[in-house]
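Below, chain A partners chain B and then partners chain C, in two separate complexes.
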Partner chain A sequence: MSSAPATLVGTPSARRTPSRRRSAIGWTAARTAAVAIGALFLMAPFVIMVTTSFEPNTALLPNPPHFLPQNPTIANYVDAWTGSDFAQYFVNSAYVSVLTTLAAVAISAMTAFAFARFDFPGKNVVYAVLLAGLMIPGIVIIVPQFILAKSLGMLDSLNGLVFFYTAGQIAFTTFMLRAFFERVPTELDEAMTVDGAGTWRKFVRLYLPLARPALATAAVFAFLGAWDEYVWALTVISDASKRTLPLGIAAFQGEHSTAWGLVFAASTIAVIPVVAVYIAGQRHLIAGITAGAVK
Partner chain B sequence: MSTEAPFRARTEHVPAPSRPSKPRRGGSSRRPAHWWIPWAFAAPGLAFFALTTGYPLVRSLQISFYQWSVLPGTDSPFVGFDNYVRALGDPQFWTSVVNAGAYLLMTVPATIAVSLVFAVLLHRPMPARTLFRVLYYIPVVTSWVVVSLLFKYLFSSDNGAVNWFLQDVLHAVSEPVPWLEQRWTALAAVSMLGIWKNLGWCIVVFLAALGGVQQDLYEAAALDGANAWAKFANVTFPGIRGTVIFVAIVQIIGAFNVFPSILLMTNGGPAGSTEVPLTYMYKQAFSFLDFGFASAMSFVMAIIISAVSYLQYRITREKKEARR
Partner chain C sequence: MKRSLVLPTIALAALTGLAACGVGAGSSQSAPSGNELSPSASVSGEITFWHAYSAGGGEINALEKTIIPNFEKLHPGVKVHDVQVPSSDMHQKLITATAGGALPDVVRADIVTVPELAKLGVLAPLSDVMPDFQSWAAKMFPGPLATNKYKDKYWGLPLDTNTRVVIYNQDALTSQGVSQVPKSLDDLKAAASKVGGGKFIFAEGGSGAWNLLPFIWSNGGEMTDPSVSKATGYLNSPQTVDAIQMLVDMYRAKQIPGNILGGSGDTPTSDGLAKGLYDTIVDGPWTFPGLTASYPSFKPATEPMFSGSAGSISVVGGEDIVMTQQSKNKALAAEFVRYMLSPDAQQAMGKVGQLSAEPALAADMASYAPYYAPYLEQLKTARPRPATPQWAKVDDIFTKQVQLAFQGKVTVQQALDSAASQIDPLLAQG
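Let's turn to the complex of A and B:
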């Protein structure tokens, strides 16, 4: 990693002449090598995680660490999946994440549409309050949220998790979708008005289909947020059968502090859907990540 | 994938307007047929938001002025600013603030410097570029629980991978470092996790910003015989300065919010020496059920974080105005 700035400084510029072109190829090779070394360091922890998950559990950690499994076995996966409630945690996480995604995208799309499409009194003030909500870190209000969840009967409930996860996504998702709805050309909207379409029909037949990439991005964010969430679940879930994957994995490590193979088998199972969803949505996701960051 | 891809992805779904732009923006088509139509669309979202964010925020302020009793039917006496006085006079609270500050100093400058280098390297076409971008982003989307436990394993004193690398590969230390058993090395380990997890996000944001730097400036610099470093210092960096500030502030806010990694790697130990404000607050609330004290501490944190956020808002706005 430390070699990267040096290669950056030492490289001659422009192109055209043969010697310059040769140095440009050398520069690309140097850049690729530096980026590959960086990727190696970033991926090494995951390699160790997956390797350990395929090895028998031992009291002592191997030294040097293994980057390829020795005596490979799938025993940890079998144990993680059958020997505990891990399958249940997986189902719980899937249930909570899918429902959160559907609810958050549907509700935010309607809210974003109202702010993008119409001028109405109080609009800017309400929107500013919504944006201010984005800046409040969730944990700052975790105590009153816990009291609220308790009075709504949402402790120890998966639907309660869905409710609060959905609520937590609304400000960000609305912010992201509003920008997309605002780009819909007014000509199309007016054409539908001429055809006698009402507001709801325009929303469903014109705005939602045009915003499909944005809705996909919002869905990926909502899904990953719910799938990875730990602190709120830790606070409101105490019944072991209601645990989500992050809770289950953390509890696993607490109970079997030396059974790292088991912990990492569980972790690998939890990470696979995340990586799959991320890769499937990665092209659109970049647009969502950089929305608001670069103007 | 071309360098402009992030921007194209944001607009490609919109059919190109037949005319350059719509002159009647804000005209009749933006007025709803009935006043309640926009409110009806916004109502579910706003209701959710008011119930789960607005109301708890007000409630949090209220609770912070009481010695809150969680048992039903018992009194919660009003104590004024006592909880705040107690927080500000609590050495453990200040230890936790210092730890968050140390975490900030260990993570934010390093994350920005390293991600900037990699963004510049990744900006131009190269083999397997998309693959690298995907790999760099994977730590960002992975659950904090998974990566915290993973780093706890890597930083084990006995035969941990980090100690192996330092001792047997680099020969930088002669004895294994008891990473998580002492305050500053534990904070360093948690900081390493913070940097590792956030690099990908910073790189993606920087790449988008680099795509917006005017290309003709590079050509002009090349004509002037500028080398790569001169181009970076005089064209690239000024072009993305606003984004660097934006990323720095998001990272600073993130540093104040450090929580699950501390909870799972050290749990504040040894002897509370690696506690950060949020872990301390969380324990006061849910281990000792001292909701009033915890709420007072969260409010102090909220004020600090809001101040930084406000700074971000101001800088972003100035940046936009400067572009006009």
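Let's turn to the complex of A and C:
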């Protein structure tokens, strides 16, 4: 990222006349305005969600939508939190998401390291099979997966969710981390070998510290994937005490009418950890996403 | 809509494979003899009940705080586990659980899904396994009861019902020079030309069978033959074409807003009605609590569905209660079905917006929720959508073809000819 301005300094385009400089400023302003307008569009649904959550609960959505709450109240938050086992759903979601994140990142890091630094028979075939998993929409395999979960005794189980969520995340995080590990200079690896370091020591002391941005990115993806997941949880969880947040929120939606105030209050509560995880991982996230892009 | 079509296809494919392995529904359980399920039999054990009652509208409270505890008190030692599943996802969860052999004992199923579930072997035929079935069936409105019939058996009983009537804004009509609400399809057409200036005589929220069948039936049209075996000659009959043509003409003359195409760009029908933007809509009893909460000063009025040459015929909605073939405790399941249809349970649900399908109980409900009254009247002639396991696909084809006609890409006759020829082979599968 930081190298882009440096290359501009030496190019002819960097030596600008005042009129060119003015047009450059105008261009920057136009771009900023365009991005700001885009950001406003992206923010609008979020703002409407938060605003509606602070308005008295109704079955009809305000139309046109309000951007500032009218007759503000926190009743929806109180009702959403106390009217159902929402605290329990929150704990369930946190349990499933944290364990999935830890498991997915740990397994993917080791798998990706093996693919990046070792040659073994059938390596490309195994890797292709792993990636093929990314290309099959989850809904297509939901029935066989359900039968598998049943035979493993993983229906109606939070640990069962962790197992399947982790399995679902591994392909993508391995793909991402492999690209990162391959960029680690082999000279560093060889230097540690000369110093007598074994494979495990190199993995822990060299590869993992260098891959911190990629690991953070993988962790954010794994966490969000588990936190937001709905269809699989809906399919395997029946016991109300084991619901995750997306299932809890969906319960506020009726066939013909929906308690929008409650839905939006619950959604706002559910979004807070997501925003927290994103802010915590933001610096690494951008570095991690671009890292694998160019070799 | 897409998801609801993809899933059954996948599930059917999976089921076909599974059936060979003996995992399919009903392979391990045979229906007990009728005596075991008679009302006098003592019951024990546990059952699971899946439903889509809403947590926001007080329905879950009525079920979990009143109905189930009362049932458990009546039958000491029994336990009912209820599982709330969002209505839009119930079908998917049922299909997956069928394949995995993990179905509940009793389900509150949308009326249009019952034939499909029966065909898949998911359900126990109540008309065979409940010795007192006839006495329950005799109490129900005929329309809702008919939604349980597939291949000469009844697979469930109507748990709650609804239909659609005309809801109108008298002030809006008056201000536009229409003194009296249109009562017939001809009145509607005549009044439409008087309304303009960004206002509309009528708004409809979609172009599916649920939305348009009341117009087709009231005009003397049909979607299929009485045995639901073919659409050609019915869906493309002159009466059906006329009914859709009237709506298409009104839409193209900008007398109906764009909601009828199912998009979300226009003011929603209930909002538009309360704001005086739309003079009339056709909708169900759930419209009233929402309108009262959001527009306390607006007083909606009702009329029966616009009548045509065949009278005023609306469409039946609601849910049926069904028992699964996989249930390991059918005696308790049958007893729970009876209790859910009893006055105690029906009245508890009536108070939170679930209209009983038993006319005697429904009449009681109209006394404490007056907005039910016009629906009770309409239910006397309301009809169920054609009962076929292929309903989701049939409705999808109908909707897509009718939308092409609304968009002016084909004529109404071409659209319905095409829909009928696509629907015929589906109905032939039975």
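Methods note: the second predicted complex is superposed on the first by the 253 of 295 C-alpha atoms of A that agree within 3 Å, B and C clash if a C-alpha of one lies under 4 Å from a C-alpha of the other, contacts with A are read in each partner's own complex, and residues count from 1 in each chain.
Keep this in mind: a contact is a pair of C-beta atoms (placed from the backbone, for glycine too) under 8 Å apart; a residue touches a chain by one contact, two chains touch by 3 or more.
Here the structure is a predicted model, which means the values were calculated and not measured.
In the superposition on chain A, contact is made by A:213 with chain B only, not with chain C. Of the two partner chains placed by the overlay, chain B and chain C both lie in contact with A:250.
Once the two complexes are overlaid on the shared chain, A:278 sits against chain B while remaining clear of chain C. When both complexes are overlaid on chain A, the residue A:98 reaches neither chain B nor chain C. By the touch criterion defined above, A:187 reaches chain B but does not reach chain C. Contact comparison for chain A: of chain B and chain C, B touches the greater number of residues.
In the superposed pair of complexes, A:259 makes contact with chain C only, with no contact to chain B.
Of the two partner chains placed by the overlay, chain B and chain C both lie in contact with A:235.
In the superposed model, A:111 makes contact with chain B only, not with chain C.
In the superposed model, A:197 makes contact with neither chain B nor chain C. According to the touch criterion, the shared surface of chain A, contacted by chain B in one complex and chain C in the other, consists of residues 60-61, 63, 139-140, 142-144, 146-147, 231, 235, 250, 253, 263. The residues of chain A lying in touch with chain C in their complex are 57-61, 63, 83-84, 139-140, 142-144, 146-147, 149-150, 155, 231, 234-235, 238-240, 250-259, 262-263. Interface of chain A with chain B (complex): residues 1, 4-5, 8-14, 28, 31-32, 34-36, 38-39, 42-46, 48-49, 52, 60-65, 107-108, 110-111, 113-115, 117-120, 123, 126, 129-130, 133, 135-137, 139-148, 163-164, 166-168, 170-171, 174, 179-180, 183-190, 193, 198-199, 203, 210-214, 224, 227-228, 230-231, 235, 245-247, 249-250, 253, 260, 263-264, 267, 270-271, 274-275, 278-279, 282-284, 286-287, 289-291, 293-295. Touching chain A in their complex are the following residues of chain B: 1, 5-7, 9-15, 17-19, 22, 24-26, 29-33, 35, 37-39, 41-42, 44-46, 48-49, 51-57, 59-60, 63, 114, 117-118, 120-122, 124-128, 132-139, 141-147, 149-151, 153-154, 156, 158-161, 164, 168, 196, 199-201, 204-205, 208-209, 212, 222, 226-229, 231-232, 243, 246-247, 253, 256-257, 259-260, 264, 278, 281-282, 285-286, 291, 294-295, 298-299, 301-302, 305-306, 309, 316, 319-320, 323. The touching residues of chain C, counted against chain A in their complex, run 3, 6-7, 10-11, 14, 18, 23, 48, 50, 52, 54-57, 59-60, 81, 83-89, 92-93, 95-97, 99-102, 104, 267-268, 270-271, 284, 286, 289-291, 293-294.
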